[in-house]
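Each structure below appears as structure tokens.
Two complexes, one shared chain (subunit A), two partners (subunit B, subunit C).
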Partner chain A sequence: MRRIRTIAAVARKEFIKMVRYPTWVIQMLIWPLIFPLLYILSAHGFAGPDKSGLELFKAATGTENYAGFIVVGIMAWMWVNITMWSFGSYLREEQMLGTLESNWLCPINRFDFLIGASLVSALQGLFIAVVSMLEYRFIYGIHFDGNVFLWLLMFLVTVPAVYGMGMLFSGVVLWLKEINAVVNLVRGTMMVLCGITFPTAIMPGWMQILSKALPFTFGLQAARTVMVKGGTLKNASGDIFMCLAEGILLLFLGRIVFDRIEKKVKISGSLERF
Partner chain B sequence: MKKIWNVFRARFSISMKIYFRYPVNFIMTLFDPIIWLTPFYFMGKSFSSGGSVVGFERYTGNSDYMGFLIIGYMITSYVSTVFWTTGFSLKEEMRQGVLESNWCAPVNKIVMLLSKTVFYFCATTFEIILTFIVCRIAFGFKLSSDLFQAVGFLIPGIIGMIGIGMAVAALVLVAKDANPIIDLVNSVLSALSGSFFPVKVMSKGFLFVALAIPLTYVYDSSRAILINQVPLFPLWQELIIIICAMFILCFVGSFIFIKVEKKCRSLGILGTH
Partner chain C sequence: METAVEVLNLKKYFTSYKKKLFKRTEKKEFKAVDGVSFNIYKGEIFGLLGPNGAGKTTIIKMITGLLRPTEGSVKVMGMDVDKNPMEALGSIGTVLAGDRSVYWKLTARENLEYFAALYGCDRREAKKRTTEILEKLGLIEKADELVEKFSTGMKQKVALGKALIPNAPVVLLDEPTLGLDPQSALNLREIILQLKKEGRTILLTTHYMEEADFLSDRIAIINGGRIIALDTPENLKKSINEVKSVKIELTGVGEKLIEELKGLNGVKNVISSYDVNKRSYTLTVHHVDGEALMQRFIDIISENNSRILNINVLEPSLEDVFINLTGKSLRE
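Right, the complex of A and B next:
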């Protein structure tokens, strides 16, 4: 019961901070619309005025729907991005405000701070996913295969991976005392290795091996099979399994790393330093 | 004059100390170009056959899409620096609780705002040199010898962007939040001015908007000079547009900033956030 109260208090505080600034509307409604535009228009440019490049794209990806291919990747990327910022900036903000150490002294499970912050990021992620789907469908005219339950399942499949990465990331922020560069590194690695805007089969062999170590690669492949290529759940089951298995592993790893680093910074007395 | 010089020196020194306090920022400079350009590189590969992107060539006049993207990336770095340093520095000072006390100093507020950008321009220039080296090794990127001509187009273009940066800073003073506003302005301008794709791919309505943004001509002229792509208009015409826009944007941006700042001071909401 006490744990739930802690989690609820942190979540409420984060939610109030989020809606305090009216600019949250930009983040939730406008950002999903603009961000993929850069990649969609680039793909448009690569395809050429007569769309002759589309045949080559189809041969590489199995679909001509390059806009659908890109936005599915971008939606996953945005969710990871939000989670990274919310986990990392939660701790960093507390450091900057000088309240991290005093909060840490409370007789509660430290991990509950992160769970509270993650509830708001999950809400944001889900909201952005729904808004994105509607905007891409009705403004960009992108058609998605499957149904809403399958889409929701694709979202849920990546939950362990996203939060595992978030915990891992929080530990690193506590250690390095810097968020921007670390967020850029994590989301950049995902952008390069997971095939957010291109098929991973295009990459050299060694990069493909690295990409398979990340659960998001499988999550994206599963989502594209169902949402863009018109495949069934059975077609995507192998990728779903791998995404869940690697995601759960990442969740455990994230927890262990966070606990270790938290202990280390407490012993060295560097928790509040920035 | 001496007062202004002192402000620039002090703000330069503060920014430099904060930048070097976090060495991870500097290390990331080496990875940033790879992280942001590699997705486009592989995207281009998925549309290419035998190393040539025929569709892209029809828009730009040659198939050098990596050169196109790298120049776009370099100019975008300067544009981002303008927006993040003008807008975000205000939010940082609000959060640290020093904005109001700094603002009490008997110095022009625009000088206060712009002095914060100087160090970051130096850092960005250094980062762009590193980007060039990294891209030369990773993607075989080459420039033509007309670098100084391209800089002549770039400098007035960036000064014009500082005008927009001042308007963004005014918005931050009112909205009390920086990230979404800066991200939005930065992305919309980059997306509509052809930072990573030829503007000709856009529909007529958007193309009209793109041609009304001076940044489009900065990207276009730099690519025409540095990698011999076909410009939208003759280069001398693009230079005239960039210079005229520089004066207009600086005047409008500073006007908006002065008005909003005055309003915030009279309402007493400068330091609140």
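Right, the complex of A and C next:
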């Protein structure tokens, strides 16, 4: 009960702070519309005037619905992106504000603190996903297969990986403080390797091997099977399993790294330094 | 007397390396705290007095478990901070880093309710405690205003309120009046005395000797990471009873004048300062034979072409104790 109270308190506090900076709503309404447009229009152009390029796309993906393929990737990416980096950026913000030590002085589990903060980001991610789906359906006229429960499930299977990666990064924030360069590098690499806007099958063999080490690759494949290709949960079960298995591994790794770095920080006395 | 906080042979050494590219070439060790031991008894205000960088905050951070000691141990209400950190933290309310330790984008009430939840209070209890504390701190009228609109003194009060939220038996206050105007500092000191009346044990760090003198039952004077004296303020001052001090306000001070005064038999120390507003110098001379030396002081000053504006013979203060022990002023 006490742990839930901590998580709820941190989430509530973050929500209040978020509401007091209301410009995020504009970003969340407009960004999902703009972001995929670049890739959809590129795909439209590369398909050729007679759309013959779509045959190649279909051969690689099993569907001609390239717009659906892209927006599902973008939606999943936005949710993963917002939640995953929220751990590290939250700790960083607390360091800069000077409130991190105040929280660390309370008898709380550090992970509850991080989870509470990430809940608001997860909520933002979910809000973006809902807005995105509505905008894509009614503005771009994109059709999604499956039902809302399946779509929700596709987001949920990435949770362990998102939280694992988030903890890994929050540990690095405690240690190195400013990690924007690292985040951008990892973000860019993941965007390519997971095949956010294109099928991973078109990548060179070595890149495909690397992409399989990332749980999000499998999460995206599962989402596309269900939402774009009209597949069933059974069709996506292999990818779901791999996404969960690698995600749980990342979760363990994230916890271990965070614990180790917190101990190191307690020895060096650099918790509040920024 | 029952002990609330037990600090035993506490040491904190920080290691830093000089690097050439990525290779470590030279290792340096800095002793921030070097073998500090003391007990704080239940219900007392214990002052840690020392100049900036003496190791006061480092000690507080080790008591709260934010820093791991290189050596030594800390017990709070009988609980080992290293072995039972969460239980120990539940018995401590702490103010660190003053006004920056609370959220400026939240109201005073939201801040306190938030921290109450982190200390395990349910919604109703959190609201009750928050209202009680806001009333105690005189903030109830401003409870629903954003902290960013508060003055420094009010922000500091919210930070103190955060420390009071757990209703913990031990309260640690790190420089609680730093940067406050005299009136706000006085208000805060009254609140601290009120906490003592309620039976709380308070550890207070400060580099304001008047504050330590006014509030503390016992004081540990710390310098260079070591405790150099520990006693009641009265006993500390009595310990230098034979040392007198004279404060001389004058128009000019040169190195030669200071050296000549220092060279007199019986003079232990000469501290000089300049008052920008009055445009005058002040010499504080610590000595053991005042009456006999007074005429010599006057002679030396006039020989150095300076004019005396004022002379005061002072009662020993904690500053004098510190100067007597270290040879330098607390503010140096």
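Convention: the second predicted complex is superposed on the first by the 269 of 274 C-alpha atoms of A that agree within 3 Å, B and C clash if a C-alpha of one lies under 4 Å from a C-alpha of the other, contacts with A are read in each partner's own complex, and residues count from 1 in each chain.
Keep in mind that, in the parts below, a contact is a pair of C-beta atoms (placed from the backbone, for glycine too) under 8 Å apart; a residue touches a chain by one contact, two chains touch by 3 or more.
These numbers come from a predicted model, not from an experiment.
Undergrad: Given the superposition on subunit A, are subunit B and subunit C in a clash or a fit?
TA: Taken together on subunit A, subunit C would fit alongside subunit B, as the superposition shows.
Undergrad: Taking the superposition as given, does A:Arg2 touch the first partner, subunit B, the second, subunit C, both, or neither?
TA: Only subunit C is touched by A:Arg2; subunit B is not.
Undergrad: Count the residues of subunit A touched by subunit B and by subunit C, then name the partner with the higher count.
TA: B
Undergrad: On the A-aligned overlay, A:Gly269 touches which partner chain: subunit B = first, subunit C = second, or both, or neither?
TA: second
Undergrad: Is A:Thr197 touching anything from subunit B or subunit C once the two structures are fitted on A? First, second, both or neither.
TA: Once the two structures are laid over each other on A, A:Thr197 reaches subunit B alone.
Undergrad: Could you give the angle made at the Cα centre of subunit A by the lines to the Cα centres of subunit B and subunit C, to the nearest 10°?
TA: Once the two structures are overlaid, it is 80 degrees.
Undergrad: Touch check for A:Ile16: first (subunit B), second (subunit C), both, or neither?
TA: Only subunit C; A:Ile16 stays clear of subunit B.
Undergrad: Would you check which partner chain A:Leu176 touches, where first means subunit B only, second means subunit C only, and both and neither mean what they say?
TA: first
Undergrad: Examine A:Gly205 and indicate which partner it touches, taking first as subunit B and second as subunit C; both and neither are also allowed.
TA: Neither subunit B nor subunit C is touched by A:Gly205.
Undergrad: I'd like to know which partner A:Glu101 touches here: subunit B for first, subunit C for second, both or neither.
TA: The answer is second: A:Glu101 touches subunit C but not subunit B.
Undergrad: Applying the document's definition of touch, where does A:Ser52 land relative to subunit B and subunit C: first, second, both, or neither?
TA: first
Undergrad: Quick check on the superposed model: minimum Cα to Cα separation from subunit B to subunit C, whole Å please.
TA: The answer is 8 Å, the least C-alpha separation in the overlay.
Undergrad: Of the residues on subunit A, which ones does subunit B touch that subunit C also touches?
TA: none
Undergrad: Using the touch rule from the top, collect the residues of subunit B that touch subunit A in their complex.
TA: 22, 24-25, 27-28, 31-32, 34-36, 38-40, 42-49, 53-59, 65, 95, 175-177, 179-181, 183-184, 187-188, 190-191, 195-198, 200-202
Undergrad: Which residues of subunit A touch subunit B once you look at their complex with the stated criterion?
TA: Within the complex, subunit A contacts subunit B at residues 21-24, 26-27, 30-31, 34-35, 37-39, 41-53, 56-57, 60-61, 96, 176-178, 180-182, 184-185, 188-189, 191-192, 195-199, 202-203.
Undergrad: Which positions of subunit C touch subunit A when the two form their complex?
TA: 12, 14, 58, 61, 64-68, 85-87, 89-90, 92, 94, 96-97, 100-106, 110, 114-115, 117-120, 122, 162
Undergrad: In the complex of these two chains, what residues of subunit A are touching subunit C?
TA: 2, 5-6, 8-10, 12-13, 16-17, 20, 97-99, 101-108, 263, 266-269, 271-272
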